[in-house]
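Structures given as structure tokens follow.
In what follows, subunit A forms one complex with subunit B and a second complex with subunit C.
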Partner chain A sequence: MPAIVETIDLKKSYAAVEAVRGINLRVPEHSICAFLGQNGAGKSTTLRMLMGMIRPTSGTGRIFGLDVGSERDSVRIRERVAFVAEDKRLYEYMTVAQIVRFTRSFFPTWRDDLEHSLLERFGLPRDRKIRKLSKGMRTKVALLLAFARGSDFLILDEPTEGLDPVSIEQVLQIIVSLVADGATVFFSSHQIAEVEQVADHLVMIDRGQIVLDASMDSVKNEYRLIQAVFSAPVDKRDFQLAGIERVYSEGPIVSLVASRNVDAIVEQVRAMQATSVDMVPLSLKEIFLETVKSR
Partner chain B sequence: MFRKPNPASGVPIYVQLKEQILHAIEIGALSPGTQLPGIRTLAESLVVNPNTVIRVYHELEQEGALEVRHGLGVFVASRRGSKSRMNNILIARALVEELLEKLRELNLDDSEMRRLFEAELMHKEVVQRR
Partner chain C sequence: MLLYKAWLESRLRFLVGLAAVIGVCVLYIRVRLILVPDWIAELQNPKWSGRPTWLFLGVHDLNFYAWHFLFENKLQQVWVLFAILLSFGGLAREREQGTSAFSLSLPVSRSRWLMTRMLVATAESFVLGLAAALAVLLASWSIHERCPLSQVIAHCLLIVTAGVVFLALGAVFSTLIRGELMALPITLVLLGSPYLVFQEYIRQAAPSTWVHRVDISHVMAGPPHLTLATTPWLGLAVSILLAIGLLFAAAKIGGSIEY
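Right, the complex of A and B next:
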């Protein structure tokens, strides 16, 4: 699958702090790609670099082949990419209807059908000033402005933060239908459940570095928790095969978190005279916790 | 028609969806020639990734359960032998019921039975993968 975003060794430092430490990021075309990481892991910094809102310290990044570090290209990037920032900043003095009309005037690909259906579905009060809106309502306005632009690439920084479950499901449904129409969505989130539901590609970032980059199906198919019981206590250091991410042991019970190579690992465990070997899949939440903890 | 898959289960969504469709065909809820929803419609109604629906339809086409008629849509294949397949499923269901009955007589509760089944299937998965 061709990539819409491609970065090579992209870095951003603030004084002595390295926020993003040389990442090679790829967002496959027509995917819903989720960007996961703890607070302060470097997600928003990365997204802001992609949008040309801050300049990379070194490395390169391209969106649709346009250079994110170039002043001129980043104007074109902002024309083509619908971006929703983490702070969902909007013009406070406008009403909902005014900000919609104002934004629409910039985009020839604006979708009136989506504008109307989203105003309706989100239950947005057209004549209320932005400054009088609740946090959830503001988020919905920001999302509406991005969704209705008719862009073929959307970057959403925590799009569902602060929304109730019903609204989250609506937002996911819109994302799904935009992708069915050919768009690509790259979004960051702390909501593992929604990521698991709609994303088909995963990128995890931890302390400024990418620690996982894979399709959702391969992650689900390959990550396993292997639990073995031995007749005598065993040494953790005996488990060093490729693919073993973590080893926990409690007396005769050993739990292994494997990211790949599961068959060979199970075989080795059996060869070590385990009295029982069980294997269970891991949820994305467990995979996330193991991945960001294990470094 | 279809239930929303459970994203948090360890089973990938495409596998869950595929099994739902196959099950519906096996029990006759979807009969040969029936048209399935379009990719966009199904993705929207289940709120799943459209690429997942594409993958499921594609794999089921490869396996002969579905037929893609270009420009028209996706249909349940009129497969020879699907009748005997359906018979087998009915026989299997009776066997499972019988087995469950016996296990209940041994005072096993539902979760114990489920664990036993899953452990056995999982064990088989390991053996097959080798």
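Right, the complex of A and C next:
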């Protein structure tokens, strides 16, 4: 599938600190791509580099084939990309209606139908100043301003943060419907359940490096927890097979986290005289924790 | 819509500035009713020898009085203060307020953000100048004297045109220094300290000396009677060119800032 975003060895350093350490990112077209990582892993820095707000230290990044490091290209990228930043701050002196009118003026593809329906669905008061809105309401305004742009590509940095469960469900439904209409969404989140619900592609970043980049189906199908019981205690070092991400042992019981090559691993464990071998799928939360912990 | 946004952001400062320039103009023209009788008494007192040279002109010529107190002095200072204040803001302020990510998600280049803000600040400063002219004229009529319309307008236009360099300086300082609470005092100290240090020398120096050629305050005031021939064209040109250079510098600095 063609990619909307492609980065090659993209790096960002602040003095001696390497925030992003040479990532090769690919966001497939017409996908909902989730960007997972712990706090400070480099998610927001990556998203801000893609939007031209900060300059990469080295490497290249392209959206729609346009260079994210060039001011001229960045303006053209922003004509086609909707972005919601992590803090979702908006002009406090404007009313909801004013900021909608202001933002609409920059986008010929603005969707009036979506604007009106989201104002209704989110229950946003048109004449109220942004400064008088609750944090959740401000998030809804920021999302409305991104969704209604009619953009081909949406970059959302923790879009549901601070929203109630009903609103989160609404937002996820809108994201799915936009992708069904042909858009691509790249979003960061700490809410694994949301990611599991809507994402069809997964990118995990840890300490500035991509540690997982795969489709959601392959992640769910391939990650397994293999539990084996032996007649005597075994050494962890006996389990150095391709696809084993992590090994836990407690006396004769061994638990293996496998990311691929599961059948061969099970075969090998059986060959080591295990008295029983069980295999269970891992939830996305477990996969995330194991991937981040294993480093 | 960018112009509209810049206006919404600066309108409070503009309205305060409008009140300030009108206030200072009306105050100094109206206070003439109190000052002139005292000055006449001083001029008629043969024992008092330390009369400043401007006193006679100040008593008999309202145009000179307005030039001495307003165009060369208080109005100029108030206008410069508000010109700097009006030039503050934009992406530099948004970085502090946290809204720069939203602004930079719009398809607008950083230099366009800057130029839009400067366009609005220039227009507002121009209106402050015209409001000052109107205030001087109305206040002079209220004390039953006449200040020549052409002179008042010409002096106010000179303040605004020569003072455009302060707008550009404001843009540079507000881009360079994070936080307006810091940027304003630093700008005022950097601009004002040469005047505090050299003010006596500047005051006593002859009009033809080098110090008056580089003194922007002198260019903004012009001579008391302004004509095409007495307009400080060279100073005006230098101020405008300097402003253009400073704006390019502000755009360059702003382009390299990370948000």
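General observations
As a convention for this text, the second predicted complex is superposed on the first by the 295 of 295 C-alpha atoms of A that agree within 3 Å, B and C clash if a C-alpha of one lies under 4 Å from a C-alpha of the other, contacts with A are read in each partner's own complex, and residues count from 1 in each chain.
Following the convention adopted for this analysis, a contact is a pair of C-beta atoms (placed from the backbone, for glycine too) under 8 Å apart; a residue touches a chain by one contact, two chains touch by 3 or more.
This one's a predicted model, so the numbers in the text were calculated from it and none came from an experiment.
Judged by the touch definition given at the top, the superposed model places A:Met216 against subunit B, while subunit C stays out of reach.
Of the two partner chains, neither subunit B nor subunit C is touched by A:Leu241. Applying the stated contact rule after C-alpha superposition, one finds that A:Asp263 touches subunit B and leaves subunit C untouched. By the touch criterion defined above, A:Glu71 reaches subunit C but does not reach subunit B.
Shared-chain residue A:Arg48: touches subunit C; no touch with subunit B. In the superposition on chain A, contact of A:Ala3 is made with neither subunit B nor subunit C. In the superposition on chain A, contact is made by A:Ala142 with subunit C only, not with subunit B. Across the superposed pair, subunit B and subunit C touch subunit A at no common residue.
Partner subunit A is touched in their complex by these residues of subunit C: 1, 4-5, 8-9, 97-102, 104-110, 255, 258-259. Taken together, the subunit A residues at the contact with subunit B in this complex read 30-32, 169, 172-173, 176-177, 179-181, 193, 196-200, 216-217, 220-221, 262-263, 266-267, 277-285.
For subunit A in complex with subunit C, the touching residues are 48, 51-55, 71-72, 75-76, 78-79, 81-87, 89-94, 101-103, 105-107, 142, 145-146. For subunit B in complex with subunit A, the touching residues are 7-14, 39-40, 43-44, 47-52, 55, 119, 122, 125-126, 129-130.
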